[in-house]
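You will see chain A twice below: alongside chain B first, and alongside chain C after that.
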Partner chain A sequence: MATELHVTFRVGTADYAVPAAQVLHLESYDSATPVPGAPSYVAGLVQVRGRLVPVVDLRARFGLAPVPHSIDHRVVVCQVGTRVAGLLVDSARDVIRIEDGAFEKPPDLVEQQAGGFIKGIATVTKKMFLLVDVPRIIGEELSHG
Partner chain B sequence: MNERVDLQEFIGGFVVEADELVALATASLVEIETGNATGANRPKAVRELFRALHTIKGLAAMIGVEPIVEISHALETLIRTADKGGGRLRQGAIDVSIQGVRAIGERVRAVAEQRTPAAAPPGLIETIATTDVASDAPSAPPPLAHAWDSRLSLGERQHLYQGLRSGMIAYALTFQPSEDKVAKGITIATVRARLAELGEVVKVAPRTVTHPVRGVVFDVLFIGNAEPAKIAEATTVAVDSLERIALPVGPADTELPIELVEEASAVTPLGRSIVRVELARLDELQEQLSLLIVSRFRLEREIVALAASGVDVRRLREVSDLQTRQLRDLRRAILRARLIRVGEVLEPLTLLVRSLVKPGYKEVRLSLDTRDSELDKAVADRLLPAIVHLVRNAIDHAIEPIDERRSKDKPAVGSLRVTCAETSGNRLELSITDDGRGIDRDAIARRANRQIPDDDALIDVLTTPGFSTRDVATETSGRGLGMDIVRRIIVDQLGGELRVRTELGAGTTFRMLVPVTIAIIDVFSFSCGSQSFVVPVAAVEEIFELAPEQRVSPPSSGGAAGVSLLERRGKAITLVSLGEVLAIDPGTSASKALVVRRNGEPIAFAVDRMLGRQEVVVRPIDDILARAPGIAGATDLGDGRPTLVLDLVELGAKIASRERSA
Partner chain C sequence: MASNTANGNGKRNGSTPAATLARSLRTSAGQAERVEALAAKIAQSGTQQAAAADAARASVEDIVASVEETATASEELARTNTTVAGNTRDVLQGLESTVAGLQEITASVAAVRKDTDSLALAADSTATSLEQLGRSTKSTAANAEELSETSARLTSAATETSASVASAALRGQETATMIEEVATTVEQMAVTSARLAGDSRLVGDRMVTVASGLKELGGSLEEVAADAAETATSVEQSSATAEELARSFRGVAELAQNLTSAATESASALSEVAASVEEVAATAEKNASVVESNASSIEQVARSAQVVAQSAQEVSNLASQNAAATAQLESSSRRIAGVVETARVTSERVAVSARASGQTVGRTIAGFAKIREAMGQGATVMKDMGKRAEEIGDIVQAINLIADRTNLLSLNASIEAARAGEHGRGFAVIAEEVRALADRAAAAATDVAKIVRSLQSVARDAVSANTDGLRLADEGAQLSEDARTGLQVILEGVDQLASSVKSISAATEEQVRGVQSVTAATARLETESRSIARASAEQTLATSSLARSGGEMRTMAKQTRDATLEQAKALRDMVKSNDQLTANIDKVSRATEEQATSAAQLARAVVQMRGAAQRTTTAMVAQLRTLTAMSTNVQEVSGSTQRTVTAIGENAKGAAEIAKAMDAARKQAMQAARAVTEQARAAKEIEATASDVARLSAEVTSASNEQAEALGLLATDADSVRKVAKQSSRAVGEQSDALSSLSSLAARQSAALQTITRSTNEQAAATDQIAQAMRALRGQSREMTGVLVGQAKSAAATAADVATVAQEIAALRAANGEQAAMVSAMAGTDEDHAGTEDPRT
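Here is the complex of A and B:
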């Protein structure tokens, strides 16, 4: 069966996955320049290889309490279409292969509570990975509004 | 960060090149002299002499050695006449030329020894200028049938004669200062300035007189094409006291005019189609343009307001749309005016390469292929240090010495190619390719203790601050910028891309993609809360110290706090706390106020501390996640982090609408 590479990361107590095809690179995180007036889940702007990249704080986006800065923090720089944005995560772990059919639709209640940020759930070697919907997280609705 | 290219880098190359050219010029002169002895013209040697002098002039101009420019220019002019006259150069002209070339040589030595080169020897330029290429002795110009004749230097005489030959008319007049005239602001200085607008002042000479009153008068020799009445008016003398001076008839007169006519027709069109403009003036133009764009936004808002109140704005809208297009065209035209040829920008590289190679040990041929590419001056100034560094590295580390190249079956002379081409999207691609050792990825991976699977990973490692591929830096690459600086310039400052392709043993190519134009603006930087911001200098009307006793808090109808009143020069102006508007730190330590004007009304923004004023590259914030009213873009103040560029006028508008809705 076909497999696809996924970058995995941790936010709070859960492990998440994002298709490696959507990830440009992983960056360490020191701080971002806050942008007054931007949505509250936007940590700010960082400069990655000369490019201005907005960073979405996934803790804020997922409704989790903030934590103090740690050296494990990473920014997963994603590209969706022409947009490039970073996801601030507690730590980024590995790149793993997940079989195409491994992701299942999340249970209704979970899906509702997650506000559509979770597209599927896969279990790999007894560990659960939540597949995030990057376009949704980086505010695709903003571009239509 | 401003990395400027140090001229010192090019001086070594200049000396090598200029020495060779001086030798070439001397050899040509000897050959012409030998030819003369046997009665033969040597047009080829004359042409070579001309080229050598022309190149010396260009090189000296590049590093700013004026005496050499002056001497070589005078010689070049002389030799050009000889070249056009069939390559005849007689003994008198040869003697003068040898003197001139020797003087150039002495000044090249001075540059080599880091002394300041002496000015051109007195009289040399004049002698060269009045030398007749075809006669055997430096010819004295024919005398002038006027009292001025004895008062002119050779140079002034040349100036006068050339003007007359080109069809101008010469007038002698005498300006008599008086208290009356001084009261009206007319002095010899103003007369000079007025004459300079009508033509050329050849000479002004004071003379004491006793009649009608004891005092000083000024004899003025002027050439031009202005009407006598105009000249009389400008100089406050009677028209009939103007003396017209004619060109004397002499032997030198028979050939020279033809040359001058040719010269004029060859030079004038170029002179008319190219104007040198100070960059600051173009910046001013751009600043005015941005103000126009701002006021157009206002107009746009007013149209929207009119439409909302039921007025038919169709015609108004048409005009407004037309204006939008015209503004865009204007902006393009201004940006185009700032572009300079890449070939011109990269010219110093030839000198750099000359100074880095070691003849017999390591030789490099530089080829520049820039076609007709053009680049914004501001980008070019920032880019050059990065290119200089890459070229230096290539010659120093990448290209092998001749022996090593021979043993590898490579051509003895290394090749370094700099090419550039415009790509889509207002970008320019510059490549620097060498045929040297190539970069050993495995060795670098071991050194960096990191895996380097491909060239993209390689460039990351190479440009990591502090990373060097050599334990012992060599003489030339040990100083200056590291590869991390190259990345900072190309990527962080210019928003471009830097890539590398390398093949072990075969060579390396660095590719740089840079924007053709960037928006550079002059900004004030300041802090508010824990954050730094910048604001365009053009938008700020005034900055002043904030004294707490000046502030008055008006009643607040709830919610909208942070607005207070301030007395300034007897008027009340609105003061807002920037910290509160931006909902960051409350900014209790506000000590400075920045005043902007919105719809003619001043608004003062209280900020914590002014940090400075600098020129920055502004990049737009493209992504909707980080777009917010009052945020015009971001810039890098040199710390590698984005600093927000604020649009205080727009922020003022935001507060106003908030107040209305509150």
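Here is the complex of A and C:
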């Protein structure tokens, strides 16, 4: 069966996964330059490898309370099509391979509550990972921006 | 009428019917005339009879009036007979009371004689006792003076002892005072309890007294009730006697003369006796006053002797207490010597160990200084260590950062490798390993950081502990310094103690000397006070017997005086009653009416008396019943009071036990202090006792002097008592003789009066018969009067009838005359004489 590499990260107490194919690279995070008029969940702009990338604060996006800055914070820089955006997460320390069929459709209740950001749920070595719908997160951001 | 007869005669010769009629008319006229004359005669005799009947009635009425008078007189006689009976009874009562008084006097004279004899005897024994008392008093005075000297010596010795004890007493006084205060409080409590118990007992006693008083009242009421019953009985008897008396007072008149003479005789004899008794009464009065003064002075002597005996006993007791206190003093002195020795040894030991302690304390102070230095070094090391630990923390943080970055790089490498596909597979493996290494480095750094953090906290604790240790070391050094100062003070105190012990030793020796002299003085005092107490006891015995005989004498004198006064009173009464008797006897003959009235009054009074006596008896019985109930109540109250007293007594006992316990606590107080306090107290007691002894000795001396004076007075009084007793004896003998003659006179009088009583009773009976006969007579007279009145009435009626007849006859005659005239007129033609012969109608 075919496997695909996924970058895993943590926001709050849950573990999330994103396909490595959609990730350009990971960056450490110090601060972002705020963008006037941007939605509240947009932390601001950061400069990564010579280009400006908008950063979406997943805590704010998922409706969680903000936490103080830590050395473990990461920005997962993703590319969907030509659009590039960073996801600010609490930590991201691993990449794992997940079988293609491991993901299941999340229950209706979870899907509705999550606002359509979660595409599936996979369990790897007894650990549960929520598969994030990056285009949706970024796209909505972009449509607003 | 004569004419009528003539008319009848005129017709007699007529030949015609008219002539015949005229004749017959003349005849009837003559008859009528005769009838008229007869009727007039009859009327006259009837009137005479009525007058005679009236006269008879008047005379009978006179008789009735006289009979009434007689009856009244006889009734009055009966009344006066009763009065006489009353008077006679009065006389007899007077005589009986006289006889009873005489008997009483005789008995009391005999008692007086006996008392007088006893009085003489008592006076003799009193004189003897007085002599004994005088001797005993002299010896007491001598003893008292000796006692005074001894007590003076004792006082000086006691003062000496007290002074020597005072210096020692000051040291233990404070503790002793406190314990003393507590003990005093408890003792006060005990005393208060005891007093409460005493008061309650007094209350109980009073209740008992009330109960006994009630009982006595009940007894006296019973007596009164008995007396009332007796009175009722005697009233009955009096009533019987009065009735008896009423039967025989006929011979009053004859025997009155005898009685008068006898009464006069007895009056003179009584006067004589009364005079003699008055004399005796005066003598007895004198006697009583002398005996009274005698008895009071004897009692004074007895009191004073008792006081002396009491004082002597007190002195003896105090001497015994003194001896005990001295013995106690001696033992406590010995104990003090022991205690002082122990104190000396202990103080030396204390000095040695105090010095050793001083050296040890010096070493301790040096050790503390070293500890402080080491502590300071340790603190420096600890601070350095903390600094190094912080540096290590910084390094660990750097390692952590590096590991983080390495992880980030390896992740990016993995992503790149994945994007490179098959070509990046080897690179991906390397990136994986790098990431694993970075993670291990991060974990190790985390462990190091944890260790460094704990090391830092331990270092901080060590520093603070070191600071505390430093402070404690400083404090220890300070304390050691204080200990050194304290030891110095202890050493000084031990030195002072040694010198105090030496001074106490010296004082104790002085005490022992003083105590020895006190012991000797006390022994002398005890011996002398004992001999005084013995002598005083003998004196008291003698004065007691003297007082007893004095009391007996007083009682006898009082009895004699009372008896004599009673005699005099009885005799006065007798004289009075005798006078009355004489007067009564004089009155007997002319006051028969009064006698009767008195008898009636007596009977009524007796009945009233009897009723009153019965009512009194009933009331007394009711009173007695109420009193018995009251007595029961009072006894119940008394019982409950007794129980209360018992409870309070138990309280007092409990308080006393508490006091005892406090005493035991006091005994457990510090030995030395207590011994000293005891000594002080003993010294004080000895001093107080000595002053008491001196005071009592003075009292004994003064009492002895008083006794001597009283004895002089007593001797004089005893002589006068003897004289008075002899006089009394003589007077009583005279009285006895006079009374015997008086008794015989009274007996004679009584006999005479008995005869009078009998006669009076007979008189009364006769008077009653007379009254009865008079009453019968009066009845008969009244009957006779009634008969006579009837007679007079019938006679008057007869006279009236006869008068009526006469009138009718007169009318008849007139008619007859008219008829004759008419006939004559008719016959006139025939006869010439007709008109002439009819003169009137």
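The criterion applied here is as follows: the second predicted complex is superposed on the first by the 139 of 145 C-alpha atoms of A that agree within 3 Å, B and C clash if a C-alpha of one lies under 4 Å from a C-alpha of the other, contacts with A are read in each partner's own complex, and residues count from 1 in each chain.
Here is the rule we use: a residue touches a chain if its C-beta (ideal position, glycine included) is under 8 Å from a C-beta of that chain, and two chains touch if they have at least 3 such contacts.
Owing to the predicted nature of the structure, the values given are computational and were not obtained by experimental measurement.
Trainee: Go through the superposed model and pick first if A:Met128 touches only chain B, second if only chain C, both, or neither.
Mentor: Neither: A:Met128 stays clear of chain B and chain C.
Trainee: Just chain B (first), just chain C (second), both, or neither: which does A:Ile138 touch?
Mentor: First partner only.
Trainee: Touching A:Val7, do we find chain B (first), chain C (second), both, or neither?
Mentor: The second partner, chain C, only.
Trainee: Thinking of the overlay built on chain A, is A:Asp94 touched by chain B (first), by chain C (second), by both, or by neither?
Mentor: After superposing on A, A:Asp94 lies in contact with chain C but is clear of chain B.
Trainee: Tell me which partner touches more residues of chain A in the superposed arrangement, chain B or chain C.
Mentor: Partner touching more chain A residues in the overlay: B.
Trainee: Figure out whether A:Ala21 sits in contact with chain B (first) or chain C (second), or with both, or with neither.
Mentor: second
Trainee: Which holds for A:Val67: it touches chain B only (first), chain C only (second), both, or neither?
Mentor: Once the two structures are laid over each other on A, A:Val67 reaches no partner at all.
Trainee: Quick check: in the complex, which residue numbers of chain A touch chain C?
Mentor: 5, 7, 20-21, 23-28, 71-72, 74, 92-95
Trainee: Under the touch definition given earlier, write down the residues of chain B that touch chain A in their complex.
Mentor: Residues 490-492, 494-497, 531, 581-584, 619, 621-631, 634, 636, 640-644.
Trainee: Spell out the residues on chain C that touch chain A in their complex, using ranges where they run on.
Mentor: Contacts found on chain C: 400-401, 404-405, 407-408, 411-412, 414-416, 418-419, 435, 439.
Trainee: Could you please specify the touching residues of chain A with respect to chain B in the complex?
Mentor: Those in contact with chain B are residues 31, 33-39, 42, 44-47, 49-54, 56, 83-85, 138-139, 142-143.
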